[in-house]
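Naming follows writing order (A, B, C, D, E and F), and every chain is counted from residue 1.
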């Protein structure tokens, strides 16, 4: 069985947690990654922002559905971490301000395991009033 | 409205992600924290392990139900990040190996906001076979 | 451990169930409470109606996020009783007509347990056609 | 369309909320009802206790599957109110002490609407430690 | 106890899977059925399309709420098969193209079991881009 | 974008619906498939039965985690169709008798889309009493 060599999920989380004023030192080789931000009351905008970033940074081939499908499920899993079980924001009067990171790499020594993709989210969730919010995070991982 | 000064969720996640071989440098004042590990197919053992650690390290007062209640809901939210929506492990033939961190502090400048508690989980989830697993993480936060 | 002295949840349910034509006799001391009505296909309007009533009746301090956060989660739990697991109404073509009650008090003898808040909902849920509906109820409780 | 004449859900909730020391005066004609108690960490015991009470009190005919099926879904909906979205107790280290009521009647004026069944639950949910618990309630209704 | 004689669910699934270019031979007596198509990003349009078809084809009496209620829950259960646990489509940027079938009949030998209704869905779910989709199906059954 | 040529989900459903006494004529080329049966109150036995059948029939390579992972998520999605949103059986006093089919093939014309896997379930779900059950079905699909 495959043994894990590269922790793409941990790397994605650190990228999402790292900030200009408080950077985290990381050293990760042989992976592709991108980061971005999204603030919204509409969960489909989180999906769209991450898909666009992953495609334009060459992490997935947007013309191959299996790559889009793998990323999509990793995004949904990460959003479930943020919203804790549901997938709704505006429907229950919540807004999020998130930093996201997507990492693609080969986490297992066995080459047959191929590439996997990790999506990490970190930021705040709360009422649509400044300050009425607390931190939230999520991580989704899938084979690609 | 309260403005966030201390990010107890970010600190809890970094504690959960930090490891002997790959430590993360952190600087966080005026918070109480503890870390631990739990490996199980039984989600109630995750709850019990974190509750025990938080009580014995003085993060919550185990004799006051409102503190137990606050921690309990933060744990459930963190587990939902790990299992992505459901709360079951053995029922669907999954096992987890997790590092957890609990942080208690006052994240907001306004003193009336008082203490909040953060529970972070990071590790692996998968079939009960070595190597058949991928990374997973969760974060829960509550007022206490 | 704390022993329960005041059942704020039971009191909130009785307030929600009581009606002009069919009043329920209740005797509850040392609690704050308010009641109201909301009819909608939009679950965020239930959240907003209850938050507004609780603030304007002085049950919570709207300037303190921990009080808003405690109430918010109690509301969500009560809505889940009404919708039985999901949080959607219009998305699945359902409408509700609800009477709500919010009660704040100290349910436990131990003074350290402090205040808790209860949100009760009772009314009808159904298709957006008069008569195509049945009763529904929910109760959420949180420390505050 | 049918207009509601008898509120079997409200009656079931009042039966579940009524207690020897604090009885609620109710007047409800032309319905069958039963009440009982169940304390458990195992959600299937709640199902079994209510089914047994409903059968032995003649509220449903246990030999007709459509009646068993109608009651079963009403019970599940009531449990979701108690556990707020999930159906697990012991899996997440929770125990309940509940009073239940089952009511069967014809809530609508139109005779074609026939009989409906209501299941109400009220009691406490919490950690398996005396006092570490708060109130909880649920209501399920189905045509029979 | 009732023994199953007619499998209305299987028949509904075969109707949903049957197509002009690839018909499935079926022989089912003494049931009423209808089929239709719906393509949408809005889950309430699936509900509305099936309710309309079932009423206009005489499978249910739209003036009797218990029949509407029975069909409604069968539809929701079928949609949960398609969306696998959630009830959202546009909220998470998904679109469906579905063929639906509704079947009403008496599946059990015991006449007291009366009529039951089955709703089957089959088609595709995916991103709102041609080809970025895979198959999906669901089945809901209820007593009526 | 990829266009669908082979409907592996439809084929898997027809295999699950086909029976000795009532066979369905199917013609599907270039796919691998297997069928089996499982009756249980324990959802992890459904997972185990399907994984074992898929491995022993050469549909997936049990030594490659990405193949196990792809199949696992397709199984969970199919079970959610059967249980309609939850993943529990015994916990809520339900038992299932299911016929399952697994199909692996290349559903899209574009060769880059590679292999996908479909898991279909069809059978009965109900109380653990003969006859107190109705039909149920589910379909899960994933890239592999």
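Heads up, the rule we're going with is that a residue touches a chain if its C-beta (ideal position, glycine included) is under 8 Å from a C-beta of that chain, and two chains touch if they have at least 3 such contacts.
Here's who's who by UniProt: A, B, C, D, E, F = Hut operon positive regulatory protein.
Note that the coordinates shown come from a computational prediction; the quantities given were computed from them, not determined experimentally.
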### Query
Given the touch definition stated above, what is the smallest step count connecting chain D to chain F?
1
### Query
Quick check: more C-beta contact pairs in A-B or A-F?
A-B
### Task
Give, as an integer number of Å, the spacing between the C-alpha centres of chain E and chain D.
29
### Query
Which integer distance in Å separates the CA centroid of chain B from that of chain E?
42
#### Entry: Geometric centre distance via CA averages, chain D-chain C, whole Å
19
### Task
Check each residue of chain A and list the ones that touch at least two other chains.
1-2, 65, 69, 85, 88, 91, 108, 116, 131-134
### Residue ranges of chain F touching chain E (in the complex, touch as defined)
1-4, 7-10, 13-14, 17, 24-25, 77, 80-81, 84-85, 107-108, 116, 118, 120, 122, 124, 129-141
#### Entry: Touching residues on chain F, where the partner in the complex is chain A
1-2, 61, 63-66, 69-70, 73, 108, 110, 112-114, 116, 142-143
### Task
Report the residues of chain E in contact with chain A in the complex, numbered from low to high.
86, 88, 90-93, 126-127, 131-134
### Task
Would you tell me which residues of chain F are touching chain B in their complex?
42-44, 47-48, 65, 68-69, 72, 76, 79, 87-88, 91
